[in-house]
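Right after this note come the structures.
The same chain A turns up in both complexes below, where it pairs with chain B and then with chain C.
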Partner chain A sequence: MDSTLIILGALALSSAAATVAGCAEDLESDVGSQSNPNSQVQLAPQMGNIHRYFNKAISGEPVSYGLYVAVAGTIAWALMNIGMSTIFALVIGAGVAAFIHGVYAVSAYLGRIVGQSQNFGQPVYLDVVITHLGPIVGHGFIAVFCMLLAAYLATSILGNPFPLPLVALIFGITVGAIGSSTGDVHYGAEREYQKYPFGGGVPVANHGDIDIKAEIGIRNGMDSSYFCSKLGGPLTGLTFGLIVFLDGWRGIVGGILGNALGGSLISKSIIAIIVGIILVAVMVCLNRLVEVYARKKYGPYTDR
Partner chain B sequence: MVIGLLIPFVEITLAGAIINASVHFVPVGGAPAAMATSTGIGTGTTQLAAGAGFTGLMAAATMAAQNGIDIFNPLHWIIILLSGAVGSMIMLGLTMLIGQLIYVFGVGVVPAADKCERDPITGDYQKSYITPGTTGHAIPTVCFISGLIGAALGGIGGALAYVALKQLGFSSEVAGIMAVGFFFMNAVLASYNIGGTIEGFHDPKFKKIPNGIVASFVASLLTGIIVVVMSLGI
Partner chain C sequence: MSHGGGGHAAELYPENQILAIGTILAIMGMYISQFFPQVSMLLGGLLASAAIVAGANTTRKVAAYGLGTGVPSIGMLSLGMGIISSVAGIYLVNTVVKILGAGSELLYIIPIVVIVISVVLGYIVGRLTVKPIGMKIPVMVESMTKLSLMGALSIIGFCTAYAGGFLPNIIIPGSIENGVMALAFIAAGMGILHPFNACLGPNESHKRTLTLAVACGFLTWFIFSVARLDVVSSIASIVLWAVVYKEFIKQSLKDACCVYYTPEIPKREM
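Take a look at the complex of A and B:
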């Protein structure tokens, strides 16, 4: 079979895995309340809002995901080198990472909540730990497995010279940075502050005044993941999937066009770089369009 | 022999300074930006710069690993660096664009910069679009462009460090993990210099960039000495 077709197929599979990984990663951080919006969950009891959110800022999201995926990648790599089949090795690696994730999640919840119990009266809800742990570890497993699959494809078919654990570490850090910058905004700025009117941002004076009541009953982390799965999660997945796809795709386009122009490596590489720059220029234009749309649609503040 | 060691040594020192400079361009708002309380991307400086830089590093490494690429050939050297830059720009560009979609359609705020009266690129007024009680929100054009410049520099810096390590004779695997560590070191130094949040090149904090570059230059000089000694097997 034509090698370009195989690479294109591997790239498509890798991007699809990355899309699922990004989405699962963001929803996991919403159930468990990790990353920057967690500052509000941490602040809430001090503002008199006793809540039933899960609270686990293990570390910055990029670093914690770097850890999980690197652990999974290292174990999978070791198992593959003693002759285990690839798919089993990837599943076992992701399973061990999920276990580590669960241990960190429990210790982070207990540590952070107990720290607030004495002074601010925030109870430690054991049922919150038990009910949230499954979705946290489950989403984490999906995210880690899919990233590991993408990393395996990158090293085995797509020409990445790095070993699997290193690519896994880099993917983990990247997906954490993306989830923290895109999907978590939906959770932090909208879901935690739904009682305030849409479109107001969150003035500093309102910080810590998070919603503690849900549509029905008292709000918890799983309600947040349901809400964020409508926009924040899928868009995070789309970001990571597109990054993996477009970065590989420009190389393939460079290869095809370069072959048509004589096939030297330099011309292929230069075309790949030019295609990349065109893609970036399109992003600049789209960003400007969205900005102009928002300025026209929402308008300036006129009452001050 | 001496020239063979000196060139990578200079490259690695420059790479550190470039990486530090790159971080200053990336518009990060930290935790407040995740609540749409300040302008920029809602995550930490080091993390985001590292995410973008590593994507560039992988793009550069994939390019350097192709058959027929010679890392000592100046033309190939430039192509590897540019591949790193473009890889980083794609990562950060997409992250900012999709982040912007969430700010506008998910949170309902208008992109507005707090550190300038008018956007220096589009000329749009900013102040009247900022929610009272916040210091701007989302990613206006000036921040987007600044972020892309930062990403390009970060990709070039990461790729330069990787190429220098390869030229010293390290294998791809070792050069990769050392470049990751080297990138983090310089990104953290820049993060200390920024001290929290920055909107981009129009932010008054950006004027502190020379301090960061000097700090990274010195740190990278020391790192350069260590890796050159390592490459000699001492």
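Take a look at the complex of A and C:
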């Protein structure tokens, strides 16, 4: 088969995997109140809000996802080296990573809650640990497996020169970083501070004064996840999928046009860079249009 | 006491004692891995987790100065210095032996060279955080030096255990070129930063943090055992980890003000 076709297929598959990974990663961090929401959950008992959120203070999302995908990648790489089939190796690697994830999640919850339990009267809710652990580990498994698949495609078909464990680490850090930056916008403060008006941000004086009552009963991390699975998670996934897709596509266009122009590496790279600049310019224009539209339609903003 | 850390609670063991034990055990582990490669993962991995425990203890000491969100950064910085020192030490000695034509016995001092480089690097980074950056933490220079040392020891410890020796012809293809060092970076980093990052707060206790540090050390050892497909050390590490982790959970539930199994919010005077 034509090698360009195979590369295009691999690129489409890894972009799809990245989309699913980004979505699962965001929902996982919503269940566990990771990243920014975590600090607010941590502060809540000191503000008198005894809560039932899961407080997953493992580390920032980039670092923890770097760990999971690197663990999965190294184990899958070792299993493939002894001749195991690729899919099995990827699944087993992601499975071990899910176990590590669960272990760190439980110790993070217990450690942070108990660390301020005596002074502020925040109880340890074991039912929260048990009910939240499944969605956390499950979403984490999906995210890690999809990222690992993308990393494997990058090393085996898309011509990434680095070994799989290293590429897995970088991909893990990337998915965590995108989930942290895009996902937080859609969840972060907004879901935890619904008693404050939308759009104004959260003043420092209100930090930790989170909502602990939900539509039905006492709010917990699962409610955030239901809320975010409509827009926040899919948008995070779309962002990450687009990043992987457009970046790979840039190289492929460079390759195809460069081959037509004589095929030297320099001309391919220059075309890829130009395509990249065009993409960034288009994105900037689109972002500006969306921002202006949103300000006009929703914002209580005044013209300055 | 500070809002983020709130540490400086009573210390169970002095920091330097834990540091010394961690250093000696990790060095022993490297030489055992070198001379007895058949048990490199079993003993080398076990002893390398001592460096993680000591590193986590030093993280607790320095991060208790209110570096609430800075704990992961401290851990990553520690391992960043560690990975530079490890790679520099290995390649430096290798190059010296090749160029000067010195005896290959010189290669056996690689762990010592790595330690020296990491201490020097940690001291320089510590001075930089104090002078141009202006962090006013009294133990900063000292802690950076110790963290760099522990980062280097845990990285080269696990890489040596994985490859089965620290000689350049073993560790360069066995741990560096195949990317396993990336795993050593992030897994050992998480072991060093996680215990205090998880346990911080006004009711943090040294005993609980240290128990979690030991559990994280064993968990890192387990990760490397599985990655090396070493069945015996996988089982040994997971059993030891389970024992320590159970102890951590028991301590946490004991130290909590109350433990609920139902969705019940305590009534509080507002």
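By definition in this document, the second predicted complex is superposed on the first by the 292 of 304 C-alpha atoms of A that agree within 3 Å, B and C clash if a C-alpha of one lies under 4 Å from a C-alpha of the other, contacts with A are read in each partner's own complex, and residues count from 1 in each chain.
To be clear about the criterion, a contact is a pair of C-beta atoms (placed from the backbone, for glycine too) under 8 Å apart; a residue touches a chain by one contact, two chains touch by 3 or more.
Computed from a predicted model, the values in this text were never measured in an experiment.
Enquirer: Figure out whether A:T74 sits in contact with chain B (first) or chain C (second), or with both, or with neither.
Expert: After superposition on chain A, A:T74 lies in contact with chain C alone.
Enquirer: Tell me which touches more residues of chain A here: chain C or chain B.
Expert: Chain A has more residues touched by B than by the other partner.
Enquirer: So, A:L242: does it touch chain B (first), chain C (second), both, or neither?
Expert: In the superposition, A:L242 contacts chain B only.
Enquirer: Which holds for A:Y125: it touches chain B only (first), chain C only (second), both, or neither?
Expert: Touch status of A:Y125: second partner only.
Enquirer: Quick one: classify A:I58 as touching chain B (first), chain C (second), both or neither.
Expert: second
Enquirer: Does the superposition put A:S39 against chain B (first), chain C (second), both, or neither?
Expert: Both partners.
Enquirer: State whether A:A108 touches chain B only (first), chain C only (second), both chains, or neither.
Expert: Second partner only, chain C.
Enquirer: Return first, second, both or neither, reflecting whether A:L166 touches chain B, chain C, both chains, or no partner chain.
Expert: It touches chain B and chain C both.
Enquirer: May I ask you to decide whether A:M283 touches chain B, chain C, both, or neither, giving the answer as first, second, both or neither?
Expert: A:M283 contacts chain B only, not chain C.
Enquirer: Kindly classify A:V96 by the partners it touches after superposition: chain B alone (first), chain C alone (second), both, or neither?
Expert: second
Enquirer: Which residues would you name on chain A as touching chain B in one complex and chain C in the other?
Expert: Common interface on chain A, chain B vs chain C: 39, 60, 63, 162-163, 166-167, 169.
Enquirer: Name, in rising order, each residue of chain C that touches chain A in their complex.
Expert: Per the stated touch rule, the residues are 6, 68-69, 71-72, 75-76, 177-180, 182-183, 185-187, 189-190, 193-195, 197-204, 208-209, 212, 215-216, 219, 223, 226-229, 245, 248-249, 252-253, 255-263, 265-266, 268, 270.
Enquirer: Quick one: which bits of chain B touch chain A in the complex? Just the residue numbers, please.
Expert: Touching chain A: residues 30-37, 41-44, 47-48, 50-52, 54-55, 57-59, 61-66, 68-69, 75-76, 79, 82-83, 86-87, 89-91, 93-111, 122, 124-125, 128-134, 137-141, 144-145, 148, 172-173, 176-177, 180 of chain B.
Enquirer: Could you pull out which chain A residues touch chain C in their complex?
Expert: Residue list for chain A touching chain C: 39, 42, 48, 50, 52, 57-60, 63-64, 66-67, 70-71, 73-75, 77-79, 82, 96, 100, 103-104, 106-108, 110-119, 121-127, 162-169, 212, 217-218.
Enquirer: Any idea which chain A residues touch chain B in the complex?
Expert: Per the stated touch rule, the residues are 35-37, 39-40, 60-63, 154, 158-163, 166-167, 169-170, 173-174, 176-178, 180-186, 188-190, 192-193, 198-207, 231-232, 235-236, 238-239, 242-243, 246-247, 250-251, 265-266, 269-270, 272-273, 276-277, 279-280, 283-284, 286-288, 290-291, 293-295, 298-302, 304.
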